[in-house]
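Take a look at the structures below.
Same chain, two partners: subunit A is paired with subunit B first, then with subunit C.
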Partner chain A sequence: MIEIYTFVSGPLAWIAWSVFVFGSIYRLVSMYNLAKAKDGSSLAYMSLPYSLRSIFHWLVPFGTLGWKSDPLMTIATFAFHICFFLVAIFLGAHVVFWDTAFGISWWSLSDTTGDIISFVVIGACVVFAVRRLALPHVRNVTRAKDWFALLLVAMPFVTGVLAYHQIGPSLLMTILHILSGELLIALIPFTRLSHALFAVFTRSYMGSEFGGVRRVRDW
Partner chain B sequence: MSQIADRLIDDPGLAAGVASLTPERIEEVVTRVLKGEAGAKLKAYQETCMRCGLCAQACHYYVSHDSDPSYSPVSKTTETIYELINKKGRVEPSRIYEMAQIAYTECNLCKRCAHYCPIGIDTGYAMSMMRRICYQLDVVPQYIRDTSHSHAATMNQMWVKDDEWIDSLQWQEDEARDEFPNLRIPLDKEGAEIYYSVIGPEPKFRTQLIYQAAAIMHVAGVDFTMPSTPGWDNSDMSMFVGDFENMGRLKRSHFESAQKLRVKKIVMGECGHAFRSIYDMGNRWLGYADMPVPVVHAVEFFWELLTEGRIKIPKKLEGPVTIQDPCNIIRGRGLMDKLREVTSMLCEETVEMVPNREHNYCCCAGGGVINCGPPFKNVRMTGNKAKADQLAATGVHTIVCPCHNCHGGLDDIIGYYELGMHPRFLGDIIYEIMEKPEGM
Partner chain C sequence: MQKTHIRQTLAFIAVVAALLVVYLAPAALSQDDMTMVPADAFGVLQRPQVAFEHDAHNEKAMLDDCVVCHHGRTDDGLMDMEYSSEGETCESCHPVNPENGETPLMRAYHRQCITCHTDEAMGPVTCGECHRK
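For the complex of A and B:
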């Protein structure tokens, strides 16, 4: 078992990060090349100030028509994304990992805080799942891909909480946690989660078109 | 929840088109458009749309059909263009009928959903690409297809012959000279300050609008001209059909007819989609980031005339009015403040609709939907109860409505829901209440 642990926390982690980094670069570069080849009439309108204007407004909870239309979804979305990054980067156990792997260390969350915000992420995932099941306009457009993406992001948090609270075999849970985290990282560029790479550009284009061509706000 | 298959409408254009399709032909055309014309934009939209459903509440079809999920923007893209992308065009001809009906008649390309999507997905663009595929498959509702054919053959929307166009202008000039003895509608006057352009329906059946525009130009002392040759019609149903080649031809001929006359700018009548075709779609197709000849919408033009005092309003229109914000000039070009200033210079009191300005609901006629003709009229009526409720809540009689499509759409809705209201063009109101000096 300990060999498996060493493998998933060592070589496999490097593989997962490599797939993520090179996969992301490949996807971004090929998408940009495609845009240059086919979307010149849109690229021409790209504007940094209007992009930032749009991004800024959409980063404000309840600052847009969309965010106002479904408060529970808005709260869940913001809580999910903020807590996701907090846990991934600043959780005490993760900070130790950053230190041993790269020799870099920074501030970390207290264990209790880390625990609470992990539950917040899981709670947000439950909101997303319940929406997919209960709301007709979401259920109607939900496909396997959408469930898979949700499962991918939920698994590391579920296994992480189980490992932290020592529910089930501790080492196995830790291995599962690391594995699911690696799967998530590696698959970001190739699933619905690729919005992590592309959303900033789709948002920027919409901001640019609404600002530069349409001369109105896009929120 | 309903499904598109349950609400198919007989249309000879869609039926004949689908009858001649084979799965191989569909796959070939879809692949050609997706590979050859679409690019990163469509790919990114299809891939990153998280299917969160926030856009649903943006759509007047969804709201009007008691939150029927099949009318949400994300459902309409998922059932059409996204499905074609996922299946690489491997769908049955009958499915194309359904997709065409969704794309041409259940989306006005109004882009209201843009205000709801956190990721910034442009459903209007996605649906335009779906229409592009339908056009290349020759599956297009008959009425709008005929309109687009008229564009292709005559360079105007209504099969108006070249001599009939000139006749209509001279007829209106002649009529107006009873009221204004010195009024002229100068044709092909080189170097005029303003080239006045209208849409095909004006000479065809809203000819009084040309009379009124000429009267306003005359009283304001504007140096204007109208072209006697094709290019005069700024409208563009080819754009909405997905016939982008003819969209480009139309815009080129429009701009070139203005350049030939060496005018300073084009002023266009109160139309929404024609404006979209010159600042957003037609110009892009031709490779113009901006317009080669500046084009000013009637709302902006009237605003100039009124603020400069070239038109005087001795007494404002009595009674409260409400304002219809046409998508293509408001959400499309930010004229909401000028529209309100013009309205307040003309009318005593304005009662705003909720929501309004760039968050307005579409009239449900736009995006070529009204041009799909009588078979689809009820789609617009049941699909825009939201607008009927919005109008009724204002409690006023007169609607300021600076767009031809909105006029048609609102007139129908007002009749269907028995609202007893009346949409009016700005030019119509200005003509009625402006100061008309004797013997001018």
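For the complex of A and C:
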């Protein structure tokens, strides 16, 4: 079992990050080529000021009509994304892992704070799931790949909380936690989670079109 | 008659005392009382302190050579596996917040235990296996 731990915490992590980096480059390049081939003229209208204006407004909770129309989703999505990155980068155990492996260290959250915001992430995932089931206009456009993306992102948090609270065998839970995290990292470019790569460009596209062509706000 | 009796009693006490010294000295000199990894230097702990029974661990791990864990330090400040530092605290070379490029205490502890356990594929390696609630 320790051999499995050594493998998932070592070589498999390098593989997962490589798949993420090269997969992301591949997806971004091929999407750019697709946009150029199918909608070449739109590229000429891409504008940095209109893009930034749109991105800025959509980064503010309740700063847009879209955010105002669905307050629970707005709170859940902001809480989810902020807590997701806080946990991934600043969780005490994660910082200790980098410290032990590479001798690099940075500020970290207290264990209690990390625990609480991990539950916030899981709670937000529940909101996303219930929303997909309860709201007809969301249910009707929900496909298997949407559930898969949600499962992918929820698993590292569920296994992480179980490992932290020492529910189940510690070694097994930690292995499952690392595995689910690696699966998430590696599959970001190839699933609905690719919005992590594309969101800034889709927002820029909308901002540029609404600002430069339609001459109206897009928030 | 009386004298012989006293002499016999004294001889018996002397033998018992000698045996006590012979059998108890190693125990007194060993780390039998070491049951936890020292953690006072950290101040407030985020996780439970790590249990470590020095003698039981070394018997199980078949460790006779102190230097395997109690490594020394070369003049260049590197790990010295020839010179044993037993008797000195880890913290004396590994401050919690080093100022001169030493390996910090927490990193030293984690690497000391986890590296050996993964190399030997034996013993605890994950957070919860050592920092038990």
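In this text, the second predicted complex is superposed on the first by the 213 of 219 C-alpha atoms of A that agree within 3 Å, B and C clash if a C-alpha of one lies under 4 Å from a C-alpha of the other, contacts with A are read in each partner's own complex, and residues count from 1 in each chain.
Everything that follows uses one rule, which is that a residue touches a chain if its C-beta (ideal position, glycine included) is under 8 Å from a C-beta of that chain, and two chains touch if they have at least 3 such contacts.
Treat the numbers as computed from the prediction; the structure is a model and nothing was measured.
In the superposed model, A:73 makes contact with subunit B only, not with subunit C. Once the two complexes are overlaid on the shared chain, A:110 sits against subunit C while remaining clear of subunit B.
Using the contact criterion defined above for the overlaid structures, shared-chain residue A:2 touches subunit C, although it does not reach subunit B. In the superposed pair of complexes, A:93 makes contact with subunit C only, with no contact to subunit B.
Taking subunit A as the reference chain, the count of touched residues is higher for B when subunit B and subunit C are set side by side. Once the two complexes are laid over each other on the shared chain, residue contacts for A:163 go to subunit C alone; subunit B is not touched.
When the two complexes are laid over each other on chain A, subunit A has no residue in contact with both subunit B and subunit C.
Contact residues on subunit C toward subunit A in their complex (touch as defined above): 46-47, 103-104, 106-107, 110-111, 114, 117-118, 121-122, 124-129, 132-133. Subunit A meets subunit B in the complex at residues 31-32, 34-35, 37-39, 41-42, 44-45, 54, 58, 64-67, 69-70, 73, 77, 131, 135-143, 146, 149, 192, 194-195, 198-199, 201-207, 209-210, 213-219. By the touch criterion given at the top, residues 2-3, 5-6, 92-93, 96, 99-100, 103, 105, 110-111, 163-166, 170-171, 173-174 of subunit A touch subunit C in their complex. Those residues of subunit B whose C-beta lies close enough to touch subunit A in the complex are 1, 37-41, 43-45, 47-48, 50-58, 62, 67, 69-70, 72, 74-75, 78, 114-122, 279-280, 284-285, 287, 289, 330-334, 336, 358-359.
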